[in-house]
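Pasting the structures here.
Presented sequentially are two complexes of chain A, the first with chain B as partner and the second with chain C.
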Partner chain A sequence: MSNMTVSVSPHIKDKTSTKSIMRDVIIALTPALIASVLIFGMRALLVTAVCVAFSVGSEWAFEKIVKKPNTIGDLSAAVTGALLAFNLPVGIPLWQAAFGSIVAIVVVKQLFGGLGQNFANPAITARIVMLLAFSSTMTTWVFPGLVSSATPDALSGATPLVILKGETSAALPSIRDMLLGVHGGCLGETSAIALVAGGIYLLVRRVISWHTPVAFIGTVFLFTLILGEQPVYQLLSGGLLLGAIFMATDYSTTPSTNWGRIIFGVGCGLITVLIRVWGNYPEGVSFSILLMNILTPYISKLTAKKPLGGAEV
Partner chain B sequence: MKKLKLITKGLITENPVLVLVLGTCPTLAISTQTSNAIGMGLAATAVLLGSNIAISALRNVIPDKVRIPCYIVLIAGFVTVVQMLVQAFAPALNEQLGIYLPLIVVNCIILGRAEMFANKNTVLDSALDGIGMGLGFTLTLFVMATIREVLGSGTWFGMEIPVLIDNNISILTMAPGGFFVFGCLIALVNKISKGKAIKKSDFGCTGCPSAAACGKLNAECGKGSEA
Partner chain C sequence: MSKKRLHGAHVPHWKNTAGDKPEKMPTPAVVTIPMSMHIGAPAKPVVKAGDEVKVGQLIAEAGGFVSSPIYSGVSGKVKKIDDMLNSAGQRVPAVTIETDGKQELFEGIAPPKVTNLQEFLDAVKNSGVVGLGGAGFPTAVKLTVKDLSMIEAVIINGAECEPFITSDTRTMIDDADLVWQGIELLQKYLKVKRVIIGIEDNKPQCIGNFRKMCKPGCGVEVSALPAIYPQGGEKVLIYHTIGRIVPEGKLPIDVGAIVINCTTLAAVAKYIQTGIPLYEKCVTVDGSAVKKPKNVIAPIGTPLKDVFEFCGGFSSEPKKVLYGGPMMGIAVPDLEQPILKNTNAILAFNEKDAELPKETACIRCGRCIAHCPLNLAPVNIETAFRLKDAASLDILKVNLCMECGCCAFVCPANRPLVQVNKLSKAMLRNYQNEQKALEEKQKAKEKAKKEGSK
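Presenting the complex of A and B:
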């Protein structure tokens, strides 16, 4: 009985399940994973494997301990692990990656009741916890990959966002490198083309709607354009595309109405630019998503649909 | 036996920090280093012992309407004495505790025990209650500071611990880590006391600031608050 939910009509039955959605997300993440292996080397795959293994393992262990039905089969823990790995620099010590995965699953997701009950995105929150806990290894950008032999000096140092902030004198990578992802950054966030390809797949499969990513990315573009901050680089650098496509579209932590999604995306975009331009941290995508996660119940309530023919609620 | 219970209840079953949830501010702020935690705990215990005795002895003299200002004056007197003693004999600790030492005046544990216990009980019972609550506070600070210092800085009482010193999880020494350890310890005490320590009915969804927006208010949480 616990699986049954009562909702308003129309009641359309199809084959979509948590598992099929999560499988689509994994498929959509694959191009970015391949790109990260090409750019950063095999260690990217190793970090991802560790994160996925510890996410799934800690979900299994926690549910075993508290005697809840086992949900690792719905693949959501695997997606969380992969998304967390994509938010880590490739040189992260493996025990730290494992620690972050356990935080994501046990603290952020399971302690609040498991899938669908968590108010904050597990991967984003775990990334922020790790950023505060391991600030040196989380901001050390190494570049051991195949392409690094060409111009090692330009690649090994700072991320484009740090360069944009004027904290180093390094030159910005070219737009082509930005699109392909050949620049410093977390292992899954650099390749814009691979991320957009995954996003288009999710849109075609109707796993996500266009509202949040378009509102999020559009706000960042417009706001940085107004501020004169090189909007194209702002758009392609950091975790913006990864966050807007894969994190800000999470079902349980973002609004379920279309207007709510647009408000969520605009809010994320504004906070991101505020942090990037005036904040202490070069990147603000993860903080913006977490802050908007907290506002999600209020946004959902403000934008709730009136039932057809219903009276004032 | 009954007198002994006055002391031991402060350690777990009525722990001032973890069960009564008083004195949270110094607990979170001071528990980053074990040595500071012990110093803070003992200083607060001394004040608590003194103020409980004095307030209990004067409980028939102090007019009920102005009791809170009277308690504060008494407590502030003891805090001043303790602060001067610490300044004289442990200047290093004074440096470390900083503003939190004079702020013992407004520590809710001390005023709380004056209001909840000392103004209704005899001098001896109040003294024992003060010792028990003070030790409970010190013990909590010590446990929290041990967890936070060992894992967060890789040291214990300032001694470096091999391996951990290079692999510290520094978020534990910051405010979020403090809240996290605090929550874990409250959960642990609740588990040890099988939930008897905290009355569940006091913690319904109705008190939550997000209650209006949270869809669970009527459905699931209603059951919880009745239990």
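Presenting the complex of A and C:
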């Protein structure tokens, strides 16, 4: 008997793996993490660390309990933890951050079957749960910045979206501060430059395609332009860039065809603006992505590619 | 030329042996020639144990219309005719010949008389040539067209898109004249007006060679195609040269095209020029476990181990050995397997390259969909297969799949998508047969009822 392997073709494989994709996402999130530490201080790092630790830990524990193979090595739980942290205010009590991480991994991801099976984005859904459960801490924007050009008042006060909504008399930060991220907001969402840099990295590495982010951001820009709602500020504030680049491009919860991705992005953009302009919440990115997540199977079906040369069934 | 390009994968080229002129290997001690090296009925042996055979002598005749005769590539004595286990695990009859090392040419070899289409097709059949690109479809059958006016273009396949393989490249460099003579034969007897030689642009020497041979008004053009796998796939090549889509269940001729591999055509031309039938093959020997990769000319039936030995043996223990390229090649169970008519490469890989990647959960990234040349959705096919949903497999058009392997190549979760597609096709076939049987039963029942009521 020979001891040669006999397997079905192909016998070679490109280098991309789930782990390499997740590693790329973590690399892409790094500029925003560095920016958040510079803007909000070391506590940003602490909150991120807690979220990542509890995400990875709860994935490990859940899989241990239900006797599933351990998958923390694919780094997807770490990505979820980091994304959730980026969606939290820096002053969030750590136990709340930990709670949110467990909700994201156990309830939203694992109970639906684990990686690739969940229909809703775990980080987004957990953030919404936290927003409803811990409304006050989730909307308290403390700002103990290390490097800041803005006045302490503007920093600790309101987010640009709250200001845009006219709910406070504070002045809008300058465009330069908006780009750098020196303004109130969740810890990972403020620095436009850092987020775009991460997005470009993901595009270059072909981890994401341009369709969803461009459709999402473009729709928000155009829609607010038509409504006369300061499109540039709308684009740079809130979780739009973070959401459009990192969360609306999540594989399992968004369509897998390019046209589907465009529809998804446009839908997210419309819902975001509707909530921002007419809704009760100043921010609508999370809700828009979650709502579109629910529509994803239908968008996928609608935009399925036609097999080349396929006869009618 | 079509504007839109089909999707594919950027596979590595690894054409390490492109510059090596093929070397003829010493005659092996024993050859084992299976009677089934082509699609269709197995050939019927015309020799028996104890017979003396010479090089180029017929040892088996075609077993039907879709079949092909087989010639000996060695001189020696027929040892036995019995069953062997081929690489697919099937029992096939095979002729085993013990060689005498003399390599005497059979005295009956003479160029066939070819003056009209029928004689041409007979000659193609008698040459023993089958699709040498890997498919093994009898060439004479492919060239038998009901109505010659159906042929709008003949596409000569010189894409050679699989990594490692360079045997077609060598044909186009060393035997360009034969390829050209083959083209002239097609023009003469099949009245072909347009001939397109499709070559991937990573083979500039081959492209240049043929461009020089194309005189204005000769009806032959060279199409330099981007080196994106699977450029040499029949459907892909047709789309990229004449812009036609071969519909499900149809053949290329139904859209006016005949695709023929360049080495196949050279082999046909060689037979018609000299009377020497197909009995030896140029194969690329490469892979991480091979000491000295090179192109080797070996008699059909030579055990793989002899060919590898001629290439300096193994640098490390081979853990996986393939017929053909790494994208679509077939893994062989042992090194006693012979060189076949349609073997264009044999590759041996070391332990590291033979390791099967660990399958993980699908992350729905959509890469398999984005890279499928035929716009199939392997991820959905896999889901339907696991749910045993045969009706969906039909809607998802799994039967269109040419098993090129792009989906599995790019899958970050290492899912065995090609394997699933193969199994899905079988599942769909069973389902359709069952449906048919059920319908017939129903009809028979109704008929019986009607007759009963009369």
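Some observations on this one:
Quick note on the criterion: the second predicted complex is superposed on the first by the 296 of 313 C-alpha atoms of A that agree within 3 Å, B and C clash if a C-alpha of one lies under 4 Å from a C-alpha of the other, contacts with A are read in each partner's own complex, and residues count from 1 in each chain.
Keep this in mind: a contact is a pair of C-beta atoms (placed from the backbone, for glycine too) under 8 Å apart; a residue touches a chain by one contact, two chains touch by 3 or more.
Remember, predicted model here, so these are calculated numbers, not experimental data.
Of the two partner chains placed around the shared chain by superposition, chain B is the only one that A:298 touches, whereas chain C remains out of contact.
Of the two partner chains placed around the shared chain by superposition, chain C is the only one that A:257 touches, whereas chain B remains out of contact. Look at A:16: by the touch rule set out above, it reaches chain C but stays clear of chain B. In the superposed model, A:307 makes contact with chain C only, not with chain B. When the two complexes are overlaid on their common chain A, residue A:99 makes contact with chain B while staying clear of chain C. Using the contact criterion defined above for the overlaid structures, shared-chain residue A:280 touches neither chain B nor chain C, since it reaches no partner.
Taken in their complex, chain C has these residues touching chain A: 6, 9, 11-12, 163, 235, 239, 245-250, 318-322, 326-335, 349, 353-354, 356-357, 360-367, 369-370, 373-377, 379-380, 394-397, 400, 403, 405, 408-414, 416, 418-419, 422.
Of all residues in chain B, those touching chain A in their complex are 167, 169-172, 174, 176-177, 180, 210, 212-215. Of all residues in chain A, only 93, 95, 99, 107, 129, 132-135, 297-298, 300-301 touch chain B in the complex they form.
For chain A in complex with chain C, the touching residues are 2-14, 16-18, 20-21, 71, 74, 76, 114-117, 251-252, 256-258, 304-311, 313.
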